[in-house]
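Structure record follows, encoded as structure tokens.
Order of writing sets the labels: A, B, C, D and E. Residues in every chain begin at 1.
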Amino acid sequence: MEHASIMNKKRRVSDQLLEALIYLCAFLAVGLLLGIIGYVFWRGFRTVNWSFLVTEQSPTKGIMGIAGNIVNTLYIVVLTLLAATPIGVGGAIYLNEYAKPGKFVSLVQFTIETLTGIPSIIFGLFGNVFFGKIFGYSMLTGALTLTIMVLPLIARNTQEALRTVPDSYRSGALGIGATKWYMIRTILLPSAMPGILTGVILAIGRIVGESAALLFTAGSGYYLPKGGMGLFRKLFESGGTMTIELYLQMAKGKYDVAFGIACVLLALVLLLNLLTKYLAGRLNVENRK
Amino acid sequence: GCGSNTKETTAAPTTAAPTTAAETTKETAAETEKTTEAAGAELSGSISMSGSTSMEKFGNALAESFMEKYPDVTVTVEFTGSSAGVEAALSGASDIGNSSRNLKDEEKSAGAVENIVAIDGIAVAVDPKNTVTDLTKDQLISIYTGEVKNWSDLGGENMPIVVVGREAGSGTRGAFEEILGIEDKCVYANELDSTGAVMAKVASTPGAIGYISLDAVDDSVIALKLEGVAPSAETIKSGEYFLSRPFVMATKGEISEQNELVKALFDYVYSEEGQELAASVGLITVK
Amino acid sequence: MAEKQSFSIKGNRKNKALVEHVAEAVFTVCALLAVVAVASITVYMIINGTPALFKVGIKEILFGTVWQPAAKDPSFGILYVILTSIVGTTAAVLIGAPVGILTAVFIEEIASPRLAAIVKPAVELLAGIPSVIYGLLGIYLLNPMMYKLEIALFADAPDHQFTGGANLISAVIVLAVMILPTVINVTVSALHAVPKQQKAASLAMGATRIQTIFKVLLPSARSGIAAAVVLGTGRAIGEAMAITLVSGSSVNMPLPFNSVRFLTTAIVAEMGYAAGLHRQVLFTIGLVLFVFIMFINISLTKILKGREDS
Amino acid sequence: MQDSKISVSGLNLFYGENHALKDINIKIHENTVMALIGPSGCGKSTFLKCLNRMNDLVDGVKVDGKVLLDGEDIYDPGVDTTLLRKKVGMVFQQPNPFPMSIYDNIAYGPRIHGIKNKSRLDEIVENALKGAAIFDEVKDRLKAPALGLSGGQQQRLCIARALAVEPEVLLMDEPTSALDPISTLKIEELMNDLKKRYTVVVVTHNMQQAARVSDETAFFLLGELVEADETMNIFGHPKDKRTEDYITGRFG
Amino acid sequence: MQDSKISVSGLNLFYGENHALKDINIKIHENTVMALIGPSGCGKSTFLKCLNRMNDLVDGVKVDGKVLLDGEDIYDPGVDTTLLRKKVGMVFQQPNPFPMSIYDNIAYGPRIHGIKNKSRLDEIVENALKGAAIFDEVKDRLKAPALGLSGGQQQRLCIARALAVEPEVLLMDEPTSALDPISTLKIEELMNDLKKRYTVVVVTHNMQQAARVSDETAFFLLGELVEADETMNIFGHPKDKRTEDYITGRFG
């Protein structure tokens, strides 16, 4: 029997071309993306200093600071989550724990999927005419609009988290006479908490980065609220988040300021990202035990 | 060729309106001046304005100085374009709609009241390196209608013209096209939605031309002379510089029908202090 | 054993039942709210978007090419706007998807574990970057470069309208870069889900690593990759603020060096001031966008369902 | 023989179309251990779950017939299932402690039923852990997470958790099948102990276990109750041919 | 005895710190079936993968020693692993057809190695399917997806797929452990058939199977090759005490 030798190392041109292509694309994509981060930090770094972060903008005095925008960002995040978290978590609990499979459940599931895909400019258009008619350009208009937008994010993550809670916990609790709501409160929600928090953080990321849906609902004010009443009044006043201010400064060609804000935003996104990673880890460990 | 009549038609309201507005508000100003002085410090709440991006400088200055005077009041200003402002005032989304043009008849019949607070010029800006410094009205028209596409045809370098304009709802655009008689005939290469965006684009693009509020012009761009006249408060007042329009703070219903805060704001605008403020940002006062 | 006190199992169930019923009702309402939200958006879009179609005429709107909504004799043709969104999104996906997919291949199959452990989280991080930042870089870096290119290319074309670099290509590039993280992340998980034995089987037959990637791994992961591309498409077609300035925002034919307006940027540009019929037409634009998105969503659901089934 | 604690008559159960329990009639006596045996899928678990209405949680279940507990029909609309389940506790095949401390696991049930007093809870926890023969092993780490215990300890913890609500009947579905032989032995001893105070019903696949721990045995086949009698009789002189075949390993 | 097709000498393999194969010396003869047996974790799979360098794919593996295939050292830097693996085919424990049609599964290998001609491919596919004794069952649905076949058919498909590249050696890692008895029988018959043309090395956990199908058997324990000899000798008169203990079921 004639044996083929294995010592004849061949070079396949097509393989090498394709491999080169993969390297090229990876280099391009990763280089580009890392370049973006690097460039933004490098370009924005000099603008960011303590007074940039803690002073209020005053165009007449020529002072540029984003304190008002930072407060607005926090304000709208809190306001939106206050509305979206209970609704999102509640809806997920309904879907996972109460609903019997059927038309209604598939309808809710479908609408949640759909909400995920709707572009933010549509939310902006809708919020502008729907809530804006009543509340004008205000934090409230913005928060109500964003509530609808981030609802699916929280609902889906909660659903995922509830799914990972073993059924044996449920029957265990019910088997000793717990009512369903008691069981949900004491067993399910604590077990699903890291997942819920992950959803909440993703929602924060989305709110922080949002522009189209906010510019036409919450507007672009940059003042700090004045005192305790001011904080309440803020509800009905316009306020721009950092991302909105970034957009406006960039439109005006004030690139130094724009990159400065971009730099702060990137840092924030990085932080939120690390937080999600940490929580995801927690969720896994719980399951492994 | 139709430029000369438009000059008159726009000039008429700009001069007529302020007088009426000033008259009507004179009494209200006089009578509320006392009340505001008495109750002044106690005013609290918020006022929302939105509209003209040309009025950004004025609007911000007004808001800031008003808030300095009344520390417990917040004035927020959105810069969304003139038509958007009037629309917001009409729908109640804002207390005041800023407009950098006269109100249209439809807007007036829908209940908007035209309160002219200042007069502003429209500067035609080019990037600082452009060698052309002066255009005739006809040259300007031919640029914006797309007949002339290179600066060399206008005595400049061989450089393409990048025609930058504003979105359809802009007051600046409305006034500009109306004065030049080229409504709906312009061929824009960029339709940007704020004064700042136009200026930024012009500043960063060799060969670009754009129209912006005169008070917004800074040294990143050059404001062209038109028919040999440089834009300034004097030339606009005298009518030599033909591109000008009013700054309007439109309300739904008369000022007297507005809430205390809004009334106080208008009192302030029409007060000496307020008009000084307008002058300080490069506007022509109406009082 | 009679001394043991046995209690009845009937009794104070009313109170408890009340709490239970309230809880269930609250959760049901929460779920209903989600439905109401979507329903109201959908219904609102349709109610506000369809009248203009009939007032202006379906043909005049969808196939008209003149967009002069504020003119004395207004004209509401959005054909160029629709085409721009289609052409722009398609081009962005045609550029972004292959690069993204091959990058995912690199991360999952080619890169050493140590390199992959750096690159993968970096790309995940990038998915969270606000899209205006991409727009900022587009306007600050890309537009000036495009203008140089434009001047060089059209030096002898007297009829060309110069845009200063704010054109379709700039917008497409911004979109392509913006969807990269999405495409990469989803493709990486799709590749990761391919059973390891398939890779082993191919290699054991004497296939090279590259052959294995292109002949086995990518085909096996195709439904996941399709989902990645569809998600990227959805993101690209829905983006507004990042490209409104970069694209120049004039209504024109979607040619590479034309300044163009997308469905999204058309809404951004005129939402504030549109009233009456003009506003209704904006809702029509929104409706067209909505239809595109629904189409994309439904195909995504189909793809994901198909994957579950197989 | 004692009173019958539970008396089932004409019980039928359907999972949708599937007739899973067919006309079951049986009496379970107080303070005895009853074993349920039969091949996989014959309905043992289903029957067990009928006794504390855990089947209510399954969609599309239809139950028909009477289950009397101390003379009260547990399927009566007036029944409060939480009270029922307090009275009829359950232990599952897989140990399923909650992701909380050992103490909180045991105190979970009493707290549900309104006991808040700390020293009262401490007492209950201690008694329950003693009752499930695990107190000595965990008494020093009551605050430690329950998931850190071994499988056998977890199962006894679950039994303790069931005991803490002071049930009168204890249902156990293959409580030892996931455990090693030593843990199994401990739990079998425990059952013997428990029957002094509780009525125990236990499902098992292990014939020897049934013979060892139970006083009475019921043999199920294809949803039918073939035979229920004293354990000695079932394993000694079964009346039904099918029971004999099953016990001698001819099928199942 | 025939020539030795494969000759292994002084083979050591480390997974990082873990010394998984310890100084293995063995000869595998042409056109025979060699069975590898031994308790779980003893290194059977690892050894098998050394023979076609599939271990290259695992990170942190260090191989040391000589594996000669037809006199050529397969760990020589000049070796083209694709040629090596074409020559030394492999079948895995879990059937792993590609998610494509039956035809494309079989044609996959030939196409990789440059065969494009349609009629030539048809012929190869038919021969391979016949060689794996599955042709009759699938000949009418070659375009159907391979994942639609039963487990046993999938495994024979995988064997056919390996045969299609015309290997000289066939490595099989527990090829029947995931299969039902009837499919197992078919594959055992197939092995007997295959050895006429191929050298077969098969890992099995099933002692009876080793005895039935193999000519020679190698017994591994804790990474060491304890004994390799004709199958009759291994099962009849093992030389090593440990082999005897294992074969008689005393451990493993």
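The definition used in the following text is that contacts are C-beta pairs under 8 Å (C-beta built on N, C-alpha and C of every residue); 3 or more make two chains touch, one makes a residue touch a chain.
Given the structure is predicted, the values throughout are model-derived calculations rather than measurements.
Chains that touch both subunit C and subunit D: A. Distance from subunit A peaks, on a Cα-centroid basis, for E. Ranked by distance of CA centroids from subunit D, the top chain is B.
Each chain gets a centre from the mean of its Cα atoms; for subunit D and subunit E, those two points are 50 Å apart. Centres computed as Cα averages put subunit A at a distance of 16 Å from subunit C. One simple way to say how far apart two chains are is to compare their mean CA positions; for subunit A and subunit B this gives 38 Å. Annotation for subunit E: residues 82-84, 86 touch two or more other chains. Residues of subunit C in contact with at least two other chains: 16, 208, 211, 245, 268, 271-272.
For subunit B, the set of residues that touch two or more other chains comprises 88, 192-193, 197, 201, 204. Across the assembly, chains come into contact as A-B, A-C, A-D, A-E, B-C, C-D, C-E. Residues 16, 19-20, 23-24, 26-35, 37-41, 44-45, 48, 98-100, 102-103, 105-107, 110-111, 119, 121-126, 128-137, 139-140, 177, 180-181, 184, 208, 210-211, 213-214, 234, 237-241, 245, 264, 267-268, 271-272, 279, 282-283, 286, 289-290, 293-294, 296-297, 300-301 of subunit C are the ones touching subunit A in the complex. Subunit D contributes residues 52, 54, 57, 59, 81-86, 89-90, 92, 94, 96-100, 108-109, 112-113, 145, 147-148, 158, 161-162, 164-165 to its touches with subunit A in the complex. Only residues 2, 30-31, 69-70, 72, 74, 76, 78-80, 82-84, 87, 168 of subunit D touch subunit C when the two sit together in their complex. On the subunit A side of its complex with subunit B, the touching residues are 58-61, 132-133, 136-138, 219-221, 223, 225-227, 229-230, 233, 236-239, 248, 251-254. Residues of subunit C touching subunit E in their complex: 113, 195, 197-198, 200-208, 211, 215-216, 219-220, 310.
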